[in-house]
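Each of the next two complexes has subunit A plus one more chain, namely subunit B in the first and subunit C in the second.
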Partner chain A sequence: MSDFDAIVVGAGNAGSSAAIYMANKGLNVLLVDRADPPGAKNLSGGVLWGNDLAQILPKWQSEAPLERFINNKKLGFLTEKSSFMLDFKTQIFEENKVGYTVLRSKFDPWLAKKAKEAGALVIPGITVESLAIKDRKVIGIVESGDTITADVTLLAEGVNARLAIEAGLKRPLRDSDVSLGIKEIIKLSPQKIEDRFNLKNNSGVASEYILGFLGELNVGGFLYTNKDSISLGVVVPMENLRENGVTHSYDLIEMFKEHPSIAPLIEGGQVAEYGAHLIPEGGLEMMPKLYGNGYMILGDAAGFAFSNGLVLQGMNYAILSGIKAAETAVEAKLRNNFSEQSLSAYEEKLNSTYVLKDLKTFKDIRKVTNNPMMYNTYPKLLESIMLETLWERGQPKKKIRDVLSSCASNLNMGKIKTLKEFYYIYRRM
Partner chain B sequence: MLRMAVMIKQVPDSQDITIDPVTKTLNRTQARNIVNPPDMNALEAALQLKDKYGGEITVITMGPPMADSALLECTSRGADKAVLVTDRVFAGADTWPTSFTLATTAEYLGGFDIIFCGEETTDSSTGHVGPGIAEFLGVEQATYIHSIDYQDPYFIVEREIEGAVETLKIGKPAVVTVVLNANNPRKPTLKRKIEAFRKGVITITNKELKLRPECVGLKGSPTVVKDMKTIVDKPKDTVKVGPEEIPKVVEVLTQRGILKC
Partner chain C sequence: MMDIKERLGTLKYDVDKEYAHITVDEKICEKCPHHFCVMACPAQCYTLQNGKLIFNYEDCVECGTCSIACDQGSVTWHYPKAGKGVIYKYG
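== the complex of A and B ==
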């Protein structure tokens, strides 16, 4: 007889969602997290798209600690002196309200509290040391020499999945699997935020940036508004950092903050928190086998996240994979069969959701997010096109066609090569 | 078998307390709540006695319902029972009703051979409550102790006084207050935490204690806070020390017994 029906390691979005679902269905669940309160040290940008959360917590919009709903999405290309922004604002987001900024240090403890209310035993402040394995089956977890057993163990331990890796259930991370995200939370009064970003009530803006002023570095930036703070950060592929010998990655966020189009937005703000975290971007390449005898792997630990330069999502993937793993565990309990074969239903379920569909559709997306053209060339190209067309310098005007080709040749870009590269990126996005 | 109690208070983590630059008042809202640090040493002292002589440890706190997490921290480390004394009428207590209510709770629970307290709290630091409990119960006490042993019917305790260590023999039952860093508090384990969280805490209100409302809480508090001022520390004259001087700094610190070489 096991101590629990299910043990969940990690009270991030994936783990707490799984625990809520299983506890609601009457399973005896243990949810363990190393932080106290649970999940308090987790980090996201973070815009949460809540469709999946609604499956387990239908009243999330009124109960969760949410910051601002997104009704304005921006995409910016920055060069040293210019910024080119696409600005999309819509009443449709306003009417639906499913994208919200959240602060994980508040959101995660709340989600874990919901797991407790659903009946799970939630234990914070404990780092699980290893998996207990017997006869090639995961039978639970080990801490301080004690083994706590369960019929099934759900590994929701985040991107650097030490337990899964040490048990040989997942290969160690490679540089090409991850990007490094560095983030600050900058305190600013709600009044200033609303004035500077043209917001009202609880509306908010989420902006992504391509940073075209950092030489060979392929750096993306983000800036999201919270109630009384701004979340701002940079994301850079690990192998690109390594290739360029960058050791002071923190300088990158400083350079982003000092950019002439960013500095005025955060002026007078106080940095309240900062942190760095890896983001799984290796997609199918890095995905481990998702299940086996007595275990399943979910969320970031399984590599479930999506980024294409326009959006960066992981929380929703974590939640949905948590729900699907939990469904599988509940069904396995009914069959009283937690074998590899029985738990294979988890992957089948994921196959019919966007989680695995997206990973398959965008299997080459890293070639876009780590493409030097995207960062070093396009922002400059856009800048020179804008200057050619919008800046009156007492010169005869050119047709757009000629503007394009002269700008491209100024940047030493062959027409054919440029078109080919553009088509290459376009196909993969 | 020793019947032991440990009195603990939940306090805001002083590392998280900031001073609002505008109002100049303490901002506790961001602060995490922790167990008053010397109370952890008091608990560890009790656990060590239990390891040696056997016994049962009850941790007790008077505070709001959310103080249950502080109690669970203690049962997760090996205390056997957790008691939360909570009631609206107990709110706003100064050290007199706090000591009185806690002493009454100890009696209500059947009395203890020894009650452990911390030396003082980090959020009010009066150091009154331990001695107060001893006075209300009319038992022997020793304050600011750093070690304790048991020789029935006595407790042998050590306390540091200026330039010497004093060893006292006090009769059972007794109240002791333990200094910060007296020992190395053990860490909770998952197995103990699971047991502790499953057991939960026992809540005691004034329905059980039946204390007269005018003797507890704000009403029972003889002290009145008339005014509060924030004093801004002037920066001390600082001396710049270069790397050449490091050996000298080490020498001075070693002489004063702060560093061991």
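== the complex of A and C ==
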């Protein structure tokens, strides 16, 4: 007889969602987290798309500690002196309200509290030493030398999945698996935020940037509005930082902040918190086997995140994988069978959701998002096209066709090569 | 540009004075051809002083970067013990 039906390691979006679902279905659940309060080690860029959360917490929009709902998405291409922005604002987001900025140190303790209210035993401040393994089956966890047993152990331990790696259930991370995210919380009054970003009624903006002014580095930037702060950060692929890095990683975010189109947005703001986190962007190549005798792997630990340059998502993948793992555990309990074969239903379930569908559809996306042209050439191309067409300098005007070809040739972009590359991106994006 | 030390000063830590959750093998670091950890670590835990690698774990934000950045086998990486280490107020 096990101590628990299920042990969940990690009170992030994946772990707490799984714990809520299983406890609601009457399972005897232990949820442990190494931080106290639970979730205080967690960090995200900060936009939560909560569709899936409604499955376990129908009233999440009114109950959760949310910052601002997103009704405005922007995508920016920055060069040293210019910014080219795509700005999409819609009433449709306002009517549906599913994308919100969140601060994880507020949101995650709330989610863990919901697991407790559902009946799970939540113990924060526990760093699990290792997995308890007997006869090639995961039978629970080891903490302070004691073994706590469960029929099934859900590993939602985050991108640095030490337990899974040390037990040989997942290979160690490589450069190509991750990007380094560095973030600052910049305090500004709600009034200033609303004025500067043209917001009202708790609406917010989520902007992603391609930084085309950092030489050979492929750095993305983000800026999200919270109630009384800005979440601002940069994301750099580890392999690109190793190959082409010229300065400390922590300087990159400052260079982003100093850009002429960013500095005025955060002027007068105080940095209230600095942080960093790895983002699993390796997709299928980094995905471990998701289940085995007595265990399943969820969320960041499984490599569930998605980035295509336009969006950067992970929390929704975590929540949905948590729910699917929990469904699997509940069904396994009914069969009283927690074998590898029984838990294989987890992967089957994920196969029919966007979690694994997206990873498969976009298996080559890193070739686009890590394409050096995307960072060091295309922003400059946009800048020169705009200057050619919008800047009156007493020169004879050119047709668009001639503007494009002269701008492209100034950047040494051959016609055929450029078209081939656009087609390549178009096919994969 | 805001100094990294000042930015790290915004963070709350419960430092474990008895246990370093990350350790480095100085002998390996001496022979390292790149010291990529110094560039990659977002919390300036790795610095070079007169060519010698100096490591401090106190400012670590537990991101795991150094465990990947180090391809020489010098870094041994664990999470801090229960409740210790960085505590985000915003996250």
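FYI, the second predicted complex is superposed on the first by the 426 of 429 C-alpha atoms of A that agree within 3 Å, B and C clash if a C-alpha of one lies under 4 Å from a C-alpha of the other, contacts with A are read in each partner's own complex, and residues count from 1 in each chain.
One rule holds for everything that comes next: a contact is a pair of C-beta atoms (placed from the backbone, for glycine too) under 8 Å apart; a residue touches a chain by one contact, two chains touch by 3 or more.
Small disclaimer: the values here were computed from a predicted structure and weren't measured.
Q: If you count the residues of subunit A that each partner touches, which comes out higher, subunit B or subunit C?
A: Of subunit B and subunit C, more residues of subunit A lie in contact with C.
Q: Name the contact category of A:2: first (subunit B only), second (subunit C only), both, or neither.
A: Neither partner.
Q: Answer with first, second, both or neither: which of subunit B and subunit C does A:121 touch in the superposed model?
A: first
Q: Could you say whether A:241 touches subunit B, subunit C, both of them, or neither, answering first, second, both or neither?
A: second
Q: State whether A:34 touches subunit B only (first), subunit C only (second), both chains, or neither.
A: Touch partner of A:34: subunit C, not subunit B.
Q: Is A:175 touching anything from subunit B or subunit C once the two structures are fitted on A? First, second, both or neither.
A: After superposition on chain A, A:175 lies in contact with subunit C alone.
Q: A:148 in the overlay: touching subunit B, subunit C, both, or neither? Say first, second, both or neither.
A: After superposing on A, A:148 lies in contact with subunit B but is clear of subunit C.
Q: Taking the contacts subunit A makes with subunit B in one complex and with subunit C in the other, which residues are shared?
A: 125-126
Q: Which residues of subunit B touch subunit A in the complex?
A: Its residues touching subunit A are 188-191, 193-194, 197-198.
Q: Provide the residue numbers of subunit C that touch subunit A in the complex, in ascending order.
A: 1-2, 4, 6-8, 10-11, 36, 38-44, 61-65, 67-69, 77-83, 85-91
Q: In their complex, what parts of subunit A are in touch with subunit B?
A: 3, 30, 32, 121-123, 125-126, 128, 141, 143-144, 146, 148
Q: Under the stated contact criterion, what part of subunit A meets subunit C in this complex?
A: For this pair, the touching residues of subunit A are 34-36, 39-44, 103-108, 124-127, 159-160, 162, 172-175, 177-178, 180, 182, 184-185, 229, 238, 241-242, 245, 247-251, 254-255, 258, 271-278.
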